[in-house]
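Here's a structure for you.
Per-chain numbering from 1; labels A, B and C assigned in written order.
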Amino acid sequence: MAASGEADQPREVEFEQPNISSDSDQGDFNESEAPGKSENAPLLASDSFDDLSYNDLGVNDHQTVHRGTIHAIVRQTSTSSDSRSNTPNNVDHDSLEVSAGEESLEESAESQMQNVSIADKQEAVELAAPPFSSDDEDVNSPEWKNQKKHVFILSESGKPVYSRHGNEDKLVTIMGVMQALVSFVQDSKDSLRSVVAGEHKFVFLVRDHLLLVGVTRGMDSTQQMLLQLMYVYNQVISVLTHSALGKIFKQRRNYDLRRLLTGAEKFFDNLLNLIDTEPGLLLTAVRCLPLDSQVRDVIAQSIVQNAKVKDLVFALIIAKNQLVTLVRMKKYYLHPMDLHLIINLVNASESFKEAESWTPICLPKFDASGFLQAHVSYLDEDCQVCLLLLSVDRDSFFTLSEAKDRIRARLVRYNALSAINSSLRRTSYSTQQCAISDLRHFLYKARSTAQYTSPELEAPYTKPEEQERLFGLYHYLHHRIHTSGRPLKILFHVGQYETLLGWVTQGFELYAVFGPLITKTGAIHAVNRLLRWIKREEDRLFILNSVTF
Amino acid sequence: MASKGSAGLLNFFIFNSKYGAREGEEEKKVMFYFPEEADIDTKVKNIGLAEAIVQFTSTFSDLPCQSMHTQKSRQLYLEPEPGFWMAMTVSLPYKEKTKDGQPYVEYREDDVQDSVFAAVLDFAYRMFKLFNGTFEHILQRADGDVETLKQRLGHFYNKYLLTLKLSQCDLLDVFNGIHFLPLDKNTYLRIQCFINQLEAAFPTVKYTAFLYNDKLVWSGLEQEDMRTMYLYLTTSLFPSYNLQEHQGGSQPRRFMTGPPDLSDDKAIGKLPRVFVSTDTENEECYLLVYRAMSATICMLINVKCQLNVQLCRKLDAMLAPQMTKLASDIKEQHYQRAAPPSTTDPMFKYIYFNHMNLAQQTTVHLDLQKRAGINIPQEIMRLLGDINADLTRSNHDGETIVKTTSDFWVVGKKSDSREFYVVINQKNANLIEINEEVKRLCTSHLNSVFFLD
Amino acid sequence: MKSIEAKVVVLGSQGVGKTSVVIRYVGGMFSKAVSPTIGASFFTYKMTLDGYRVKLQVWDTAGQERFRSMAPMYYRKANAAMLVYDITSLESFYDIKDWVKELKKNVDTPIVMCLLGNKADLDSGRKVPTEEAAEYAASIEALFFETSALKNTGIEDAFLQVSKQLIKLYETYPNSGLGILSPQQESTDIFSPQTTNVKLPSRTEAERPPQSDGCGC
């Protein structure tokens, strides 16, 4: 099935208060329409965070893996196109093969087996007794232990695949323990989800062929950690495809996946840094680069006019982790989680700055079973504005390369490139621009478009540790509002250093941070003004019109 | 046919890894295991998992492991004394549902709150300690014989665990506070004077506590001892006594514990021993409980002192007239007071707790012992638990006001060691109005509480 | 003047310096912190040689194992293959043999092969003797150079010789798939030799008709 769910949300029912007209700010939240709302969103409105639960994971795994979209496009375009396309598009869904000679593969797997002795379930029981004492293991270093957040990926058989901190080779024992714990619980027809110890939360996610473990002592809730592990799993899929992953482990249960992920560690590292600093991943929403809507139209039209290329599914421009524009093939939408992986790819890859690149990328929400082929290039000398052309045709590099030149020429001609660059130089906007006193920072997510906006981090959130604390407050707000079984509409919290307000309607989610002394009336007043300001600026802050080829 | 289930006890065990460190001797680690009939493999396996989890988390955290969440259950951990670990496994509530024609079971993970069940586990230990002393103390007295400890544990927990009603546990279990009876100064002083007389006349009575119905009036015990004893009295001793009395003894029994018949010199009756730590650790005392009308007095007498029916007769002679008088005075005074707040304002329900003196009040629960249930939806009750957990974690004073998707307003406040939670069912109110309402409620309804603190 | 357009694929294990070699040749510089290639990077290089305008389309491929299976996409219809190993790594040299096998199996058009022993500046850590490599190159009829992207030795020469071979190839097999620019195209083509504008290829290149005969890569 194609990921073609219409982005239409049910029409806005109504907001908190029936008497919208009362503009007296005497305690009512009053906003008639959610700013940034669009019936015609470029992104697939994200799955609601509330829907993300273990119930949707594990059990019906095959249902959550999107497959076949690429095939559908290939089939559709090859039947509709003229006879010129005599060579069938060779989209190889299982193109990734374990290419090394079988013997060498066996050999290395065998030798590694001896290191991981805990892989066997029978041995799991005895596991508790010996403390992890081997001297050269990273677990003994206080620096390692004190890391704020650990993320581990291991294979089903307990073989280390990735660790955010420390060297996987030196974490064989602890990762073996993780695998043993998970499989032990599985033996009794149950599944291990999380463990709490003091400030630490340990979250376990078992997906096809892999086990992911997150350890945090931050404010991230279990549910939020789970989402983060989903991103990490999707990153693996993005590099290898779900099909290839299955094939590899079908061939050899003990395969050392690190062989195939060499060079991809930086994607995981970078993704985890983004997770800790970019609210968009928490909100499953994307931030757009603020631009006048006419400029944005010019950019989108430049792409539409110059990249009418068969089999081109998505064309997008990204600048400093923000979306500038997105043009898509009719009926196909980009999921924000996929877009974050694209942003991560760009953000983590210096090599794209050297030359035009042609690289495979799998978008798990779009189609986990195959690769799209991405033409990646920077449009400006400073390598800030990145154009990505994603096609299902592996042979279209030169066509896309030419399209890119034409797009760039047109962007230059209409000064759109310089408009992008000057928006980048302005570094988003300040809360002062909203002219609301006491408002320190906010996140505003338009739910129907899966986009969000937020101002620059300013005093008192200039130091990294203060920013981390602010981010923790957002995690708290977000978590409490979205707790399954008892979701909230409004949360007002007076804490020691700040006052927080979270407000969720059908149209938007708003998380605002004020100074500690603001009154409740003051906060409500401010929020209503803020919503009016966002409404005024919505053309600039959001992409409201979806453009298709 | 959709079935559902609520939270229940799957198992409960206590182990000490010291006692079975050698391979093949794992079963020696088991100090206690419920259900008893589980086979040894299951016991060893489950203890092994708990050990592994505890060990695993210690690689990352210096603080002890608290809980493990699985798809179907929750396991809570407590290390009340060095080396001794207690674990309690609770099954998650579930519902059978169908999705796309496929039946599946939805386990409600968020319906079981760590803070609540951690408190249940904590009190399971405290209750044991009240009647048996610490694990170490038992071992010391038995010259290190583990079997004695195992017997004690088995004897106590096999009964105690059956009394747990896990599906009814909520925020009140976290507080485990004490309901105090507000009284005018005069009456209060008279009670204190009476107790002074009693302790002067009977020096063997070392500690005393005075209750009226289920509410505490006066206590000479250390606060934590009183908290556990209060829980025992109100959830176990009083209810079973009341039940017996209802079933119709013509003559109400005055000694709830102790001699059933004062004319029979031989029968001292059931007399529990308790271990308190008010003066010294693990001080063992008899707990003699005497009731007159609705007034109850608890007298703790050191086990080294002589306690016989003769002494009880003497006590009765002094207690009977005075207690009866005090009980009727309290009753009269109580009738004059306004009816309890819960009936005056159906829009508001609140829970109040003071960490300093453990004072607790609730209009959310239909009776103080939670037997009759609560008058707000379960998920709102759990929300109070969430807010409490948030405020506890931040460890600062704070205030949280929320509106749920079901249009309840809930306010949680923590200041100066006091916590106050209000549930307001007013769909159309706004934040400012709610704030005003709560302020009013604080001054009107809780004034007496604040004064009595 | 005649023009030929040739597709050159750069193959080899990860970390042998493929990108460094290409950047040294095309961009004339060396960076210590070259980041691993993702997928493949595309460069063009133009020169005049022996009365020909030669345009090299260079595919710098990623050496990481996960991209191994993508390689056919890049070497298919290649006119030349630069096979790069690291003289300090025996393993990277052995990997070349796999590459050669694979090319012989999958490429049915004539192809110029050139073996490059890179990191020649690290002679003290040498594991692959020059003679052995030269012998091997001879056995597969490949050109052979030892190069250093750091010191800029051997690279220029290697590409020059490859280009000469390409011209020879074209003269021997005019239909070997080497693209020819049409005469009209030539007149507008104002390229200068040694163009180094790789980051943003020149507009002339964009105007190249898409059906420039065969070399569709």
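In this section, a residue touches a chain if its C-beta (ideal position, glycine included) is under 8 Å from a C-beta of that chain, and two chains touch if they have at least 3 such contacts.
The chain list, named the UniProt way, goes like this: A = Vacuolar fusion protein MON1 homolog; B = Vacuolar fusion protein CCZ1 homolog.
None of the values given here were measured: they were computed from a predicted structure.
Q: Chain touch graph shape: choose line, ring, star, complete or other and state it.
A: Topology of touching chains reads as a line.
Q: By number of C-beta pairs in contact, which chain pair leads?
A: By number of C-beta pairs in contact, the leading chain pair is A-B.
Q: In terms of CA centres, which chain lies closest to the overall middle?
A: Most central by this criterion: A.
Q: Need the CA-centroid distance for the pair chain A / chain C, whole Å please.
A: It comes to 37 Å between the two C-alpha centres.
Q: Express in whole angstrom the distance between the two chain centres, defined as the mean CA positions of chain A and chain B.
A: 45
Q: Could you state the distance in Å from the CA-based centre of chain B to that of chain C?
A: Roughly 79 Å separates the two chain centres.
Q: What does chain A use to touch chain C in their complex?
A: Against chain C, chain A makes touches at 95-97, 99-100, 239-240, 259-264, 345, 349-352, 354-360, 374, 378, 381, 394-395, 397-399, 401-402, 405-406, 408-409.
Q: Which of the residues in chain C end up touching chain A in this complex?
A: 14, 19, 23, 33-43, 60, 62, 64-70, 73, 198-201, 203, 205-206, 208, 210, 216-217
Q: Along chain A, where are the residues that touch chain B in the complex?
A: Residues 17, 26-29, 53-55, 58-60, 124-129, 131-132, 139, 145, 150, 174, 177-178, 180-181, 184-185, 190-200, 202, 215, 217, 222, 476, 480, 483-496, 520-521, 524 of chain A touch chain B in their complex.
Q: Which residues of chain B touch chain A once you look at their complex with the stated criterion?
A: Residues of chain B touching chain A: 17, 21, 23, 44-45, 48-49, 51-53, 55-73, 102, 104, 106-111, 114, 379-380, 382-383, 386, 390, 394, 396-405, 407, 430-433, 435.
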